[in-house]
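Step one of this worksheet: look at the structure below.
All chains are identified by letter, namely A, B, C and D, in their written order; residue positions are counted from 1 within each chain.
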Amino acid sequence: MKPTDARPDGLAPSDAPAFVHPISVRWADCDPAFIAYTGRIPNFALEAIDAWWAATVGYDWFRLNADRGYSTPFVHMSIDFIAPVTPRHVLECAVRPLRLGDTSIRFEVVGSQDGTRCFAGEFVSVFVTTSGFRKTPPVDDIRELIVPHLPDAASAEAG
Amino acid sequence: MKPTDARPDGLAPSDAPAFVHPISVRWADCDPAFIAYTGRIPNFALEAIDAWWAATVGYDWFRLNADRGYSTPFVHMSIDFIAPVTPRHVLECAVRPLRLGDTSIRFEVVGSQDGTRCFAGEFVSVFVTTSGFRKTPPVDDIRELIVPHLPDAASAEAG
Amino acid sequence: MKPTDARPDGLAPSDAPAFVHPISVRWADCDPAFIAYTGRIPNFALEAIDAWWAATVGYDWFRLNADRGYSTPFVHMSIDFIAPVTPRHVLECAVRPLRLGDTSIRFEVVGSQDGTRCFAGEFVSVFVTTSGFRKTPPVDDIRELIVPHLPDAASAEAG
Amino acid sequence: MKPTDARPDGLAPSDAPAFVHPISVRWADCDPAFIAYTGRIPNFALEAIDAWWAATVGYDWFRLNADRGYSTPFVHMSIDFIAPVTPRHVLECAVRPLRLGDTSIRFEVVGSQDGTRCFAGEFVSVFVTTSGFRKTPPVDDIRELIVPHLPDAASAEAG
């Protein structure tokens, strides 16, 4: 976990440092063009968000589902592919929650290799109950662990 | 291959029918929430676009790369996840090119199961030479096979 | 579904024709060596077995689990990789149950492209209850749908 | 990298410690049975072998192919699935070369979680030239880096 100061949208960086999840890109991820297959990139970003949950609230998606009764299905993803991803360097995925709504959370994930930005994306998921799959706000203890990582406190207010 | 008349963006449908690629969603695609894992959805959409190439210009990505010297790396994807995807029904992926630029092409992919729209996305890729990975316009014979599938002729003009 | 008469082990073919599941191998499956990545091959074979279940007993793994209360976790797989798998031809996966024990089932899967045998493997799974994950014999109606596909009736006896 | 003293075959451990590659199993790897999908296990083992190459000879599969002109396609894999793999614990994959032939290498991979053996497999690959895909012995400097990791020196002799 280390700070990154770049923002894909050109906004000033928030005070909160991003969580950085390193991924070893492998032969298995690459296609005949000798770069990571496009379909692997969203999976890298999702893995980084899963790791963010574990690091930030102490529950990865598996435990959040099995032990806390929440799932966080995605309702949107948007990714710009900026430079090819290869096994030559570690892929550092910087994860930053951008906004916490009543029942949703928006993340930014920026993937970089050797200082070059490779992709930047936004991902929105909603909180649902594991049993019933109904939208629900996260409980207070989870919300309180997320809020300090938001760009600013105001973001937590706007549903 | 059959027509679909719905557009995710609310625009009037084009005259050109969409190409529909059916996918059998499987146990292997599902996560513990008993639905297809989020990371599988972009891969379903990409598979449908690959199938569109084979059906429309006679070359899938493998042959386009190996036999024609083109790759079509993606520069953008954006997906709205509308309803869960499950193995209960075939996933019909309707692919429609929205716009053909000088060196890029934008697709819409809408995935439906049993009449319910599950996801809708847009995907932009660029034409590059396999050797050198340089942007290049597609050759005329490929362009001519794509144009009739565009929403309207004007779209082919705007670079 | 069509018969294949070859056996990877050199045994005489059984009377029962194999179930053949066709797979379109794609760019997404290939690695920089321009062939399907090794790790994709077991997944192709598993997909073919899943399709065998749907065709033979009317329940794929998802429905077997959700609707009938069974899972069939694997306890063994063994695969010989004989020739590269590529997107040039359809991959025909011939599935044949070799032996049905009290609580287990052994399959042979042979993958061929354009008449060339690409891989041949054996896969053993056990029947367990979905709730509790305890070994259990399959119910009679499922057993009766499987037995006619065994190499010979005797195989069904030996637990 | 740390020693493991267990052998799946009950043989006395070799003097050479195994290379241990840790994998974080995730929600993305799990199926509706709440365990890692069978098709993910061979991919975990392959990832561990790829990591062994990087650690042992200084080239992972990507660099071995791109920078040294070798590929190591697999001709066989055999895996016993002993206990379910879950996201609850790190998956420690112990990789040990069992035998180095003239143009082939056999690996054992044992996957364990929290002290419980989850799977044990053997994997055989052959050395081929990247251009031409012809069987070839590895060059001396690579062979010399592998030999010290073999169970005993004699194994390196028998082709």
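We take it that contacts are C-beta pairs under 8 Å (C-beta built on N, C-alpha and C of every residue); 3 or more make two chains touch, one makes a residue touch a chain.
Just so it is clear, the structure is predicted and the values come from calculations on it, not from any experiment.
Just to note, of C-D and A-D, the chains joined by more C-beta pairs in contact are C-D. Chain centres here are means of the Cα atoms, and by that rule the chain farthest away from chain C is A.
Mean C-alpha positions place chain A and chain C at a centre distance of 37 Å. The mean-CA centres of chain A and chain D are about 31 angstrom from one another, to the nearest whole unit. Taking each chain's centre as the mean of its C-alpha atoms, chain C lies 25 Å from chain D. In chain A, the residues that touch at least two other chains are 27-28, 30, 32-34, 39, 43, 46, 62, 65-66.
Those residues of chain C that touch chain A in the shared complex are 27-28, 30-34, 37, 39. Across the complex, chain D meets chain A through its residues 24, 26-28, 30, 34, 43, 46-47, 50-51, 60-63, 65-66, 86-88. Only residues 32-33, 35, 38-39, 42-43, 46, 62, 65-66, 71, 73-82, 84, 130, 133 of chain B touch chain A when the two sit together in their complex.
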